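Multiple structures are listed underneath, in C-alpha cells.
Below, chain A partners chain B and then partners chain C, in two separate complexes.
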Partner chain A sequence: MSSATPSPGPSSSSAHGHHKRHSILPAVSQSGPKPPVQFSSSCTIADSALLTGAHTIIVSTESVIHPRARLESLGGRVTVGRRCIVHERACLGAADLQGRYHKGSPDKEGRSMGAVTLGDYVTVEVGAQVESGGTVIGEGTTVGIGTRVGAGAVVGKHCTLTANSTVAAGEAIPDYTVIYSNGLRRVDRRGVSDLKNKAQARQIDVLRRMIPSNPAKFQ
Partner chain B sequence: MSRRPPRGEYIETDTGNKVARKATLVGTQNIMLGGKTVIQPDVMIRGDLARTIPPAQSASGGPANNTAVAIGRYCFLSKGCILRPPGRMYKGVFTFMPLRLGDHVFVGPGTVVQAAQIGNHVHIGGKVVVGEFAIIKDYVKVLDGSVVPPNMVIPSFSIVAGQPARIIGEIPEGGIEAFELRDLYKTVGNNPQPTAS
Partner chain C sequence: MFGNNRLPAFHPGLTQSRIRDTTTGSRLWFPGLRSAPPSESSPSDSDPANDQLPLPITPEDLYDTPMAPFNPYTYIRCPCSELNPYAKRTPDVTAQGLSRAAQDDDDHTFDPRAARSNYSLYPLEYLSFCEDCHQIRCPRCVAEEIVCYYCPNCLFEVPSSNIRSEGNRCTRSCFQCPICIGPLAVNHVETPPDPNQLLSPDHAASSHSGSYILSCSYCNWSSTEIGIKFDKPNSIHMQLAKLRNGGETRLTAKERKERRKEQASQGGGGGSSSTAHGEEDLDTLLDMETQFANLKSFYQNQLSDANGTGKAGGDASAALGNLGFDAPASLSRIMSLYTGSSSLHDKKSKSRPGTMREALAPSEGLQLASLDETSAITALQDFEPITGLDAYSSTASTTQLQSQAPYLGASPLHGLTRFTSSLRPISYLLRTKRSKRCPQCRHIISKPESKVTTTRFRIRLIAGNYIPTITIKQLIIPGLTPPPMPNLPPDTIEPLKPAQFVLTFKNPIFESVRVTLATPATTPGRFPSKVTILCPQFEIDSNTDVWEEALKDNNATSSSSQSQNLSSSTGPEGSGPGGRKRAGTLRPGTAGGASLAGEELGPEVGKVWERGRNWTSIVIEVIPASLVQTAKRDGRGPIKEDEDVLEIPMFVRIEWEAEAPEDEIMPGLSSAKGNKDGGKEKRELAYWCVLGLGRVARTL
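So, the complex of A and B:
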C-alpha cells in the first residue's frame, strides 16, 4: 500500500543517522524585482530569506534574518535596526488585507518615510506581518507570533505585542505597552529593558553560529 | 506501464513516514520522525535550532544525537504549520531545548508550535499558537485559534481555548477514540485510501 519511492528525499529515520543527511529545502522562488540592499558586514541573512521590492533594504549591525523571512520594499524603503531578529515567515513591508502596498506620507521635514522602520533590538516573531506605509517599530519591541501591525502605525519602545494581536493602521502605541488577549492593553513597569537587550545580544551570538549567512546572494 | 511511476506529492520512507516534497525541513539531521507520520506541504520544521550545550558527557558520540525536534508515531502535521524548538537563557548562554511530540498528535493548519513537550493523543486546532516551553499532557484538545502562553502546563484530558488559553472543559469518557490518527494516516499520500465510513 505505501511504497517507498527510491528518490533521495529528506527522509528521516527513527534510528540515528549513519551518514550525514542534507537539508533538501524546496527551491524558494525569488519572485519580484531584486531590491538594492545595504547590509552591514556582521549581519546574518539566511540563504532562503526572501527579499523583493524596488526600494532599498537596509539591515544593520548584527541583525539576524531567519530562513523564509520576507522583506518587501515595494511600498518604500525597509530599514532593520541593529541586533534585530526577524523570524521565519515574518513579513516586513507587507500589503494590507486588501492587497495594497501603502507608501508612507512624508514627515515634518518633507522626507518620505520608509515603508517599515525597525529600531534596534526588535524581535519580529514567526508569521508576523508588519504592513508597509511609514510603519515604525520602536527599539526593543517584540512583535509576537502572527501579529499584524497596520500601515503607518507607530509602536513605541520596549512594547510587547503578544501572539495574534492586531495594531490598527495609523495607530500610535505608547512606550512600554503590552497588548495581550483580544486587544487589551496594559503598561509594562518591570524595568527590564536593559536585561532584555543583553539577552537579545546573547541570542544573536548563538544564532549567528547556527544560521548559515549568505548576504552575497542578495547584493 | 513499464515507465517509472510519476513523482508523487509525498515521499514515503520505509518506516512509513509520508513527507510532502513541498515541506521545508531545515536541519533534518536533528529531526526524528517516529514512523507513520504525515507531514503535509508548506510545513516548516526548524531542526537547525538545536541545543548547543551537550546534555551529558558523550565525548565519543560527539554531536551525533542532538535532537532538535522529536516526533512520535502517527502524527499529522497539517498544511502550513511550523514546529520550532523553544529557546531561552540557560546558565548564561542562550540555548534551544528539544521539542518533543508524542504519538497520535494532530497539528492543525497554520499553527505555530514552540512548546517543550506535547504528550500523546493531542489534537491541536488550526491557527493555534503554542508558546515557548509550554507542556501539553496527554489526551488534550486545543481548539482553533487558541493562544497557549509560554510556560503553560495543560493537564491531561482537558479542552483548552481562548487567548490566553484557558481550560474550558474536560474530555468526556467516550471521547478517547476520537484522538486515534491511524485512519487519517491512510487517507493521505500518494495512494490514498478512502476514509473508512
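So, the complex of A and C:
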C-alpha cells in the first residue's frame, strides 16, 4: 500500500501563501509483512517510516522515528528504548552484507535476544545500519552517519561511533568508547552524559512538533 | 589489532602532490584532477598456454587487485627543464634498457618515462603562461612571493611583523586536537554552584563558576583530559602558554625577569655563583625555559669571573656578561685564554688564569637525569585492558608527537610526553597567499587579492587561456571498428591491433591558430607502440562568441544545399547544427585518396575528423605493442608499475597571428614601421606533451 502524502504540518503560511512543497522523492511503499507493534502513546512515528517483519516492534516513550527510517523485525524483535531518535534511512534490523538476517543466539535464560535492542537516549544517525541478530546498543550511544553495526555486536553505554565506522559482528564495545578514524578507539572522558541526555530531550521536543506522527497507520 | 592500525594524522602544511617514484616509472598523479591515481599492477600473466618465457613473478602480481578505471590524460612539459646547464647525454642504465634519458634538443625525442621528465610534466591546469616571454611556466620555475599570511581556521590575517616576533602559528584561539587533528571548539562548562556557598556574601566574587574548555567534536577529546580550563573564551593561546598540564600555572619569561630583578634589588648579591647551593634540593624539576635562563646567566657569570673582573663582579656581569660570544670584547678575551704566551694581551688577565666550572645546582641550571622510568612502566602495565584498547594505544604515535610543539613549561628531560593523556593542543599553522612571477622577465603571472576571504585573483595568466586543450577519446565506429576480443579487461586496449583515438583541440584565444603535430614513429620504452597521426597539420578557429557563430549559422542555412558536399579541411564554414563538419561524411564525387566506396565514414589521412566553433578533432592511430616479453627482447624484469600505459610523446607547434603591441610612447610608430596586415605579427609556441591513452591489455 502506498503511503499518502504527509498532511501539512504546523502552518508556516504566515510568510508564504503557497502550499507546502511536496517531496520530490518517490512515494514510499510499504512492502513485506506488517509487523505487530507496541507503541507508547508519546512516541512519534513518521508517516513514511517503514516497518516490516514478523516479530514485534516496540517503540518506547517519547522516541522519534524519522520519515523513511526502516525498522525490520524479520530476524527478531526490534526494541527501541525511551527518548531515542532514529534518523532517515537508518535501518534497525538490517541484513548483513550478504543479505542474511541473523537470528541471534539466545541469552543465558534461553530467551531469544531480539534482533535489535536500543537502550534509552540512543541516537541512530542518517543511513546507519544496525544489523539484526541480537545487536544491543547501550544507553546514550550515538551511532554515527553511515555506520554499520555488525550482527550480534554489543555496544556499551554512552559510546560514540563516528561517521562511516564499522563494528564487526559479535564484537563487544566497552562503555564510553569512541570509535573514530579508520577503526581507532579511545575512551571518552568528558563526563557529559547528563548534558547529552538533556540535549536529546530538548531535541525530541522540537522533533515532535516538526514530524507529523501517524502511529495508527502501523497498528 | 586496533592499536596497530594507527594511521598518520593529517600533518598541517604537508602538500599532497605526489611525484612518481622514479625507480618504478609509474604514472604521475595529481590531486584534484579526474585521472586515477597509480593503481596497483594488474594480475600476473603467466599463462600456462603461453609458450613464451613467463615473466618473473613480483609481489605485486600475487595480489589480484582490480584495476582502477583509466582516464586518458595529457601532460605538458614545461620548457624550464631545457635550460638545464648540466644536461649530459647519459644513457639510462636502469633495467629499462633501451630508453635513454630525455634530452631536450630537437634531435632527440622526449621520453616520458625517463627519470628527469618526471619533474617537468604537468597537466594543463597546473601551468601558467607569461605573456611577455610567451612561454609556459610550471610550478617549479615560477618565483613565489608571499602576499599575506592568514590562519586557515579563523581566517584572520596576520601582519608579517607578527610572523617574525610570534612565529608562524595562530596566536588567537585556533587549535587542533592532538589526537585526531580536528579543529577544537571553545565550550563553556557550567560547574554546578555549590549549594553551601549560594547564601554566602562572597558568592558574587567567586569566579570559575563557569569556565571554558577546548573540545574536539570528532574524537571527543577535551582539554579536561590534561586538566586545563580557561577563564576567558578568547586569547586562549596566551592562557594556554601559562598553564601546565594539570592546571598549574607557570611563569613566562617576562614574569621571571621581573621576579629576578626584584630579587636582585632586594638581595644585592650580584650574579655570582657562590650561592649556598648545598642547601638547594638537587631534584627540583625545572621547566625548559627556567633551566635555560638559569644556565645562561650562570655561564655569563662564569665568563665574566674567569676574565679577571671578579672584584667588580656585579658590574662586570651586568656590563660585559651580556655581550654574548660574538662581541669583539668577549672574543678577544676568549682568544687570550688560548694564546697565553703572546705579549700583546693584558697582564692583568694573565694573572688570573680564570677557571670555569659547571653548574652545580638547579638554580644554576643543573638538572639530574633520572633514569628510573618505573612510573611510566607501571602506567603502561596497569592499563586496564579494555577490549580493543591496549596499553600500546595509550602511547602517543610518532605523528602525534611530531605535531606537538615543544612546550616551554615542560622539563626537557622528564617532561617528554609519552602517553596520549599528556598531549597538548596544537596551534594552527598559518597559511600564505602567494603571487607568482616569471623567473626571466619578472612579470607577475598570478596575484591573488590580499583580502583573505576573497578567492579571486587580480592577475591570473594561466596556460589554459593560451594553449589549446587536448581531450582524448577512443574512436569506435559501429560499422567500421572491429569488435574487441570478448574477455578484454575493462578500460584496456588490445595489443597488436590498430586502435583509433580522437584528439580534440580546443582553442582558447581569439585568433585562429595553426597546429602542427609530430610524434616519433614508435613510442619510447620497453614496449614500443606504433603511432600515426592522420592529420598532423590543421587549423583551429578562433574562440569567438557564441552569438557570432549563431548568426553565421543563420546565414549559412539559407545556402545549406550548396554546403552539403563541401569537405574542405581548412577555413571556417558553418553548416549544419552547431557548425560541425565531419570530413569523412558522404562525399560521393571527390577522389579523396584511399577512400573506398563503402567506407565513407572512416577517418581519412590528411583530413580533420571534426571541426567546431573553436575546436578541431583529429584522429590518431596506434598499434599497441604486446606486453609479453619474448626471449628475443632485451627487456629484463617484470612489467613495472604503469609501464603498460600507452603514452605518446607529442610535439605541438602552434602558430598564430597576434596584434602587434602598440608602442606607448609613439602610437603611430608601429604603422610607421610599415607592418603589413594592419599591425599583426606572427607568433609561435612549441612544446612537448604526453598523451596517456590507456592501458594495454596483457593478453597475447
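Heads up, the rule we're going with is that the second predicted complex is superposed on the first by the 194 of 219 C-alpha atoms of A that agree within 3 Å, B and C clash if a C-alpha of one lies under 4 Å from a C-alpha of the other, contacts with A are read in each partner's own complex, and residues count from 1 in each chain.
By definition in this document, contacts are C-beta pairs under 8 Å (C-beta built on N, C-alpha and C of every residue); 3 or more make two chains touch, one makes a residue touch a chain.
It should be emphasised that the depicted structure is a prediction, and the values quoted were computed from it without experimental measurement.
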Open item on the list: One more residue to check, A:A168. First (chain B), second (chain C), both or neither?
Closed with: neither
Open item on the list: For A:T160 in the superposed arrangement: first (chain B), second (chain C), both or neither?
Closed with: second
TODO: Go through the superposed model and pick first if A:M210 touches only chain B, second if only chain C, both, or neither.
DONE: first
Open item on the list: Quick check on the superposed pair: does A:N182 touch chain B, chain C, both, or neither? Answer first, second, both or neither.
Closed with: both
Open item on the list: In the superposed model, which partner reaches more residues of chain A, chain B or chain C?
Closed with: B
- [ ] Go through the superposed model and pick first if A:R190 touches only chain B, second if only chain C, both, or neither.
- [x] second
- [ ] Check whether A:L97 is in contact with chain B, with chain C, with both or with neither, and answer first, second, both or neither.
- [x] neither
Task: Intersection of the chain A residues that touch chain B with those that touch chain C - done: 162, 180-182
Open item on the list: Help me check something: in the complex, which residues belonging to chain B touch chain A?
Closed with: 5, 7-8, 11-19, 21-29, 31-35, 44, 46-50, 52, 64-65, 82, 84, 87, 89, 92-95, 112, 114, 127, 129, 131, 145, 147, 149, 163-164, 186, 189-191, 193
Open item on the list: Quick check: in the complex, which residue numbers of chain C touch chain A?
Closed with: 2, 5-7, 179-180, 215, 218-222, 224-225, 386-389, 393, 420
Task: Of chain A, residues touching chain C in the complex - done: 160, 162, 171-174, 177-178, 180-191
- [ ] Would you pull the chain A residues touching chain B in the complex into a rising list?
- [x] 1-5, 7, 9-14, 16-17, 20-26, 67-68, 88-89, 126-127, 144-146, 162-164, 180-182, 199, 202-203, 205-206, 209-211
